[in-house]
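Before anything else, here is the set of structures, which you'll find just below.
In the two complexes below, subunit A is the common chain; its partner is subunit B in one and subunit C in the other.
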Partner chain A sequence: MEYIAIAFGAIFVNNVVLKQFYGLCPFLGVSTKKSSALSMGMAVTFVITFSTMIAYALYSQVLVPNDITYLSTITFILVIASFVQLVEMFIKKFSSSIYSALGVYLPLITTNCAVLGVAIDTTVNSSKLFNTTTPGFWQVTVYAVGISIGYAFVIFLFSAIREEMDAYPIKRNWQGIPIALIVAFIMAMIFYGFGGIV
Partner chain B sequence: MTTVIILALVISASLAILLSLASVVFHVDEDPRLQDVVDMLPNQNCGLCGNPGCRAMAQAILNEDAKLTQCKPGDQAMREEIKEYLETTPNEEGEFVKVKM
Partner chain C sequence: MAKKQKSLGEIFSAGLFKQNPTFVQFLGMCPTLAVTGSVETALGMGAGVLFVLVMSNIIISLIRNFVPNEVRIPIYIVVIASLVTILEMVMKAYVPDLAADLGTFLSLIVVNCLILGRAEAFASKHGPVKSALDGLGMSLGFTGGITLLAFFRELFGAGSITIWGDLGIQLIPESYQMGILVQAAGAFLVFGILVAQINKIKFAREDAQSEVA
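Up next, the complex of A and B:
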């Protein structure tokens, strides 16, 4: 039950894009086509899940016992950058069409603040998020998976709306990013309503 | 202090080993000229040429889709260097790229 609550909170209530406003650059940049949005969501899911698990393990097993928590940011960035490299090599090997569709946004996952944000939220700032100051490994993992599913879900939904919008007559000066930002604003209002459930 | 140094060494070494293994497993054959052209471009990844990043620009040059003057930060010396390189280096089938200025 506790894990379901954490996952629901991470996917809907504390949605990484629409509530915490992390990772907006790929949210607007890669959401023009459903297929590329889905593969971006999957790449981000992989990176967030595994880098958060490793970052949490490093933080609680190495950094805290040795009292060197001031190194957390640089350690997390190292782990995240390596995982992004791994994902990039994997996608380049198995699907060059996805590789070219994602383009520069794929290496830019390194600088996606959602990834570092989750890693920091679950370790250094964990007292704000969980009831205990030291959340367990599985709580953190469920939270990371929930956050990344929330990211993939929202970016896919947004790209589906943007694809549908192409069929409607929109004034020329509102086409593209302006109307997309208004759609994102309405989606953020809808997701704000999930806060009343918990 | 020693803990920090040991920690940094261990983490970066293990990640480096992981990445080098991955680069062997996920190795992709590509045009050897691509990396050379990327090295000759300014590598600012500004996107002014219309391609997402310098690597995509280099690929476009090799596909004969892009003119060298599309690269705004690049100067005349860079353009002549790339032109000379591509006119003297064929690909594996012995074909040359027709460089557009």
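Up next, the complex of A and C:
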């Protein structure tokens, strides 16, 4: 039950894009087509889940026992950058069809603040998320999976709306980013509705 | 020299208006929307970005000739991450309240695309003086952008502007405030409206110019 609550909270209530404002650059940048939004969502899900697990393990097994938590920002960004590189090489070698779908998005993920943001939130700032300062490994993993599903879900929804919007006449000064921001505003308002559930 | 050299003044002012990171280039969106609930946090974030961007531009332009091309991005990230760690420690020691308000976004300056973008596009190709000026102009443009956004959100959302101590002046009475604007969703709305208005001015100017020509 506890895990369901964490997952639901991560997907809907504390939605990574609409509530916490992580990962907005790709959210606005690659959400003009449904196919590219789906690929981005999948790539982000994969990277967030695994890099959060690695970052959590490093934080609790290496940084905390040695009392060097001030190095966490540098450690996490290096973990993420090298993990993304590794994933890219791995996919390139084993599946060219996945590589052609995800390839261009992988390097972008290093500077997606959702990845580093979730890694920091589940370790250094964990007291704000969970009721304890030392959340367990599975709590963190479920949270990371939930966050990334929430990201993929919202970016796909958003791209579907933007594709439809192309058919309508929009005033020149509202085209592109401004109208997309208004759509995001309405989506964020809708997601407030989930607030009372958990 | 095929390309005309830009003067120092042009480098500095590019970031303020023509290439404004917030309203023209849309770089560093996450902090732009997340910390603009109040003018105070926006200014704090601006100051942090100013420090990191100017220092990283200087350091990267100094080491640009020694860094092998293949590994330049990881090296830039390490430089930026070290600077952000210094900033985090200083802020937590001297302005703990502000550091707590900024929260995770203080650490997330590392992945602000503005900083890595300027390192890649400008500092890796120019000398330290020009890079410092570019960093200064860009970060002031960023600070100006997010402070403007925060000003409108706090003014219409909370009714008054609070900067380091409540002034006690309620500019907009309670019943006319739009509380949604200081919450997360309001950031999208206010930013969207601001960008649309700035685009309107920009397009009007471009049209006037093309009519003359």
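We take it that the second predicted complex is superposed on the first by the 178 of 198 C-alpha atoms of A that agree within 3 Å, B and C clash if a C-alpha of one lies under 4 Å from a C-alpha of the other, contacts with A are read in each partner's own complex, and residues count from 1 in each chain.
Just so it is clear, a residue touches a chain if its C-beta (ideal position, glycine included) is under 8 Å from a C-beta of that chain, and two chains touch if they have at least 3 such contacts.
Bear in mind that the values here come from a model prediction, so they are computed numbers and not experimental data.
Student: Quick check for you: in the superposed arrangement, does A:Thr32 touch first (subunit B), second (subunit C), both or neither?
Tutor: In the superposition, A:Thr32 touches no partner, neither subunit B nor subunit C.
Student: Just subunit B (first), just subunit C (second), both, or neither: which does A:Val62 touch?
Tutor: A:Val62 sits against subunit B, while subunit C stays out of touch.
Student: Touch test for A:Leu86: subunit B only (first), subunit C only (second), both, or neither?
Tutor: After superposing on A, A:Leu86 lies in contact with subunit B but is clear of subunit C.
Student: Subunit B or subunit C: which reaches more residues on subunit A?
Tutor: Tallying touched residues of subunit A, the top partner is C.
Student: Just subunit B (first), just subunit C (second), both, or neither: which does A:Leu78 touch?
Tutor: Both partners, subunit B and subunit C.
Student: Please report the subunit A residues shared by its interface with subunit B and its interface with subunit C.
Tutor: Comparing the two interfaces on subunit A, one with subunit B and one with subunit C, the shared residues are 71, 78.
Student: Touching residues of subunit A toward subunit B in the complex: what are they?
Tutor: That would be residues 58, 62, 66, 68, 71, 75, 78-79, 82, 85-86, 89-90, 92-93, 96, 100, 103-104 of subunit A.
Student: List the residues on subunit B that touch subunit A in their complex, please.
Tutor: Its residues touching subunit A are 3-4, 7-8, 11-12, 15, 18-19, 22-23, 26-28, 45, 47, 52-53, 56.
Student: Hey, which residues of subunit C end up touching subunit A in the complex?
Tutor: Where subunit C meets subunit A, its residues are 26-27, 29-30, 32-34, 73-74, 77-78, 81-82, 84-85, 88-89, 103-104, 107-108, 110-113, 116, 180, 184-189, 191-193, 195-197, 199-200, 203.
Student: Which residues of subunit A touch subunit C in their complex?
Tutor: By the definition above, subunit A touches subunit C via 18-25, 27-28, 70-71, 73-74, 77-78, 81, 110-113, 115-117, 120-121, 124-125, 128, 172-174, 177-182, 184-185, 188-189, 192.
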